[in-house]
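Read the structure below first, then the notes.
In this document, chain identifiers A, B and C correspond to the written order of the chains, with residue numbering beginning at 1 in each.
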Amino acid sequence: MNNITLGKYVPYNSLIHKLDPRFKIFAMILLMVGVFLNFASIWMNFIVYGILLAIIITIMLVSHVKLSSLFKQLKVMWFMILFLLIINMMVPGNPDLGFIQITSSWKIYLSAIYNTLYIAIRLVIMLAISLVLTSTTTPLELTGALEWYMYPLKFIKFPVHEIAMTISLALRFIPTILEETDKIMKAQASRGVDFQRGKLKEKIRAIISLIIPLFISAFQRSEDLANAMEARGYNPQAKRTRYRVNKWRTRDTISLLCILLFFTGLLTLVFTRFDLVVWIGSLCA
Amino acid sequence: MPITFSHLNYVYSPKTPLEYGALKDINLEIKDNSFTMLVGHTGSGKSTLAQQINALLTPTSGEVNVNGIIVDKNVKKLKNIKELRKGVGLVFQFPEYQLFEETVLKDVSFGPKNFGVSNEEAITLAKEALNLVGISEDLFEKSPFELSGGQKRRVAIAGIITLKPKVLILDEPTAGLDPQGSREMMKLFSKIHESGTTIIMITHDMDNVIRYASDVVVLSKGEVIKTCKPYELFLDENVFSKLSIEEPLVITMAKRLNQNGYHIALEEVRDIDSLAFQIQKEKKHE
Amino acid sequence: MEKVVEVSHVQFGYTKDKLVFNDLNLEVYAGEYVCLIGHNGSGKSTLAKLLIGLNEIKSGKITIFNKELNEQNIYDIRKDVGIIFQNPDNQFIGATVRDDIAFGLENNCVPHDKMEEIVTYFARKVNMEEFLDKEPGNLSGGQKQRVAIAGTLAMNPKLLIMDESTSMLDPKGKREIRELTNELRKENKDLTIISITHDIEEVLQADRVIVINQGEVLLNDKPEVVFKNVETLRNIKLDIPFSYKLNEVLNSLGIKVESNDFEGLVKELCQ
């Protein structure tokens, strides 16, 4: 149960940790959009991806997010990427980019390989970005920032505060419930339940013997929790002040300017169809 | 059956930043038919130690030998885990959380059926166990969730003793019960012990320790720091105050009287009645 | 003396046909330390929930600080009443110690710039200052209960209800909470405490003991008077303090003793 550490918050006193979570979410979205932009040529795409990757790795180093944790997440991806490659090779691609003739009736288009590579790189970059976000921002900060973004929804009577409170309570109780799952599994194992082996019928019984106690205890917990919250004066309809307030600091403004500048740069490249390879070629000529 | 720990180490989440040595070089023998109590701080490793005995946790190194079945780090390959768990019953803290069947009787017979006993026989065994723990027949067909807290606990305990284990491990079985409930519970375990079952109990309640234990194992920071007779815990002020164990009032009283000229043998003091009896004996001598 | 709690002719039941209380009457006065005892299922914890309006009574009246408890003023009354429940995990609301202590302050609309100071002050008071950023998973039961107490005290209650708040703790945790309660009483003589407990030695420290059985007040007096009723208490399966029990057994063995307290017994036996 303890191996669910992927994407978990890792406390560290780095600049990235200290940045405002609202900024971090915004930056994440911009970078992810950046990954999906289509530039003037294949080579240009790879150059931009390279730059993005370099930036993200730098950020990971600065915020002490281990590269190894990224590789761990990627392990699951290999199979998917391979699968994509095979699919891409089956379908006809763009013959302009060249192809390899395998048999008289079957050729592998280079575009298939490029397409797979694009997707693979995009996946890696997106995983890395979200890893940085979740490793440097506590779930609580994330919830707070999301609540801030959802603020406009309040005007259409959307229960923004209630949803944010529910999410943060759920986050608070995840470790408790995991611990409980472990305990119930052990208790049932003592009564001869085998969670690993057995026929389908036995497996179903084993799972029932885990799920029912878990639900019963979760209901008990939620009742207790509701009582405790009410007793401390919680009233979902009433106005509350906030203990955790995000303070926007100069460093957030500077970071925001940087990321906007970078993104504008990317957009300019897209719209001007600027191609570095062609440009260098023209310089040499 | 005797249980022998030799050079047993246990590490939680090895090779991660959370790595934590919960048990360090445990060498221990738990005697056949003893009523052994494990005492120590919360987090001293008592529960971790108990769970090694029926292979819910397996040693990182070293082994525990339960009547010839050896539990070590390779135990997962062993076929006789089930046999082991049938012989060693473990009742967790707040065991009422493990109830899940529609009726009390079905819940108690769940265990035997898992171990391959026929349905009919399992029901017979379940009824026997429920009688032993004092659950009356009119509750057999009720849902376990309709029972009171104390009754739920009894049903959960019946779910383990119906397996007729030779070793019964109990992790703070009286926690959260009212005084009357916990007294009755202790009487039940005493009865099970007398019928020839080895009992290993994790507890914080020192009154129960001096009253029922035949042997005491003291754990601190994952190590066995003392194995002794119950009264010996309170001979050395340094040991029990350092462990933040509370001295039972009967012992405190006996000690106070001894300071004032009495000669009460502490090993004879197990509860109020035996203390009063010792005082009476002293008075006669005068 | 000022009446803090007045329960009169209260009728309550969770289901229609089974009543927990038929006609419950009791009073608690300002500054008192009252222990409520009774075996599991006697209705003690139900009473605690009624006092902070978590359940609605069928008939009768509950008055707290001279205000009759009803739907309109319930949030007002809760500002003056704090309660600590039994399960340390299930009343830990915040993600960290800090957030948990601040939870009640947020509800009471304490301005943000004052919160930090209050949070730190009460964390220090319950000796949890160094754990401010810890999550509940890394705390012991006793520590979690101390945080719950800090979170409640931060709301500045005039009445503190402890609903078996030590029953799930180990002896060390129990001791910590007991010492903390004693300290609070010493510091603030106006604080009224109602403690629902099984810890019979704690009951001896109380100003008054109320014994509840089958939804009714059976005994209501100073501890030394209540525990004289050994037979009554035994009949309803309640515990009797050590020194009272020893006194009884010694007398039955023909050793005449008068004292009902530990030191008195030592003295008498050593004459």
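Note that in this section a residue touches a chain if its C-beta (ideal position, glycine included) is under 8 Å from a C-beta of that chain, and two chains touch if they have at least 3 such contacts.
This structure is a prediction, so every number in the text was calculated from the model and none was measured.
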Overall pattern in which the protein chains touch one another (line/ring/star/complete/other): complete
Most distant chain from chain C by Cα centroid: A
Rounded Å distance between chain A and chain B, as computed from the means of their C-alpha atoms: 46
Distance between chain centroids, defined by C-alpha means - chain B, chain C (Å): 30
Whole-Å gap between the CA centroids of chain A and chain C: 46
Per-residue overlap in chain A, given as positions that touch at least 2 other chains: none
Chain B to chain A touching residues, read off their complex: 12-13, 16, 18, 51, 54, 56, 82, 85-86, 89-92, 95, 97-100, 110-111, 114-115, 145, 159-160, 163
Complex contact set, residues of chain B against chain C: 41-43, 148-150, 175-181, 204, 244-246, 249-250, 253, 256-257, 260-262, 272-273, 275-277, 279-280, 283
Contact set on chain C toward chain B in their complex: 39-41, 86, 140-141, 167-168, 170-173, 175, 198, 200, 237-239, 242-243, 245-246, 249-250, 253-255, 262, 265-266, 269-270
Residues of chain A defined as touching chain C within the complex: 138-140, 168-169, 171-172, 175-176, 179, 220-221, 224-225, 227-235, 238-245
Interfacial residue positions of chain A with respect to chain B in the complex: 2-3, 5, 180, 183-184, 186-194, 208-209, 212-213, 216-217
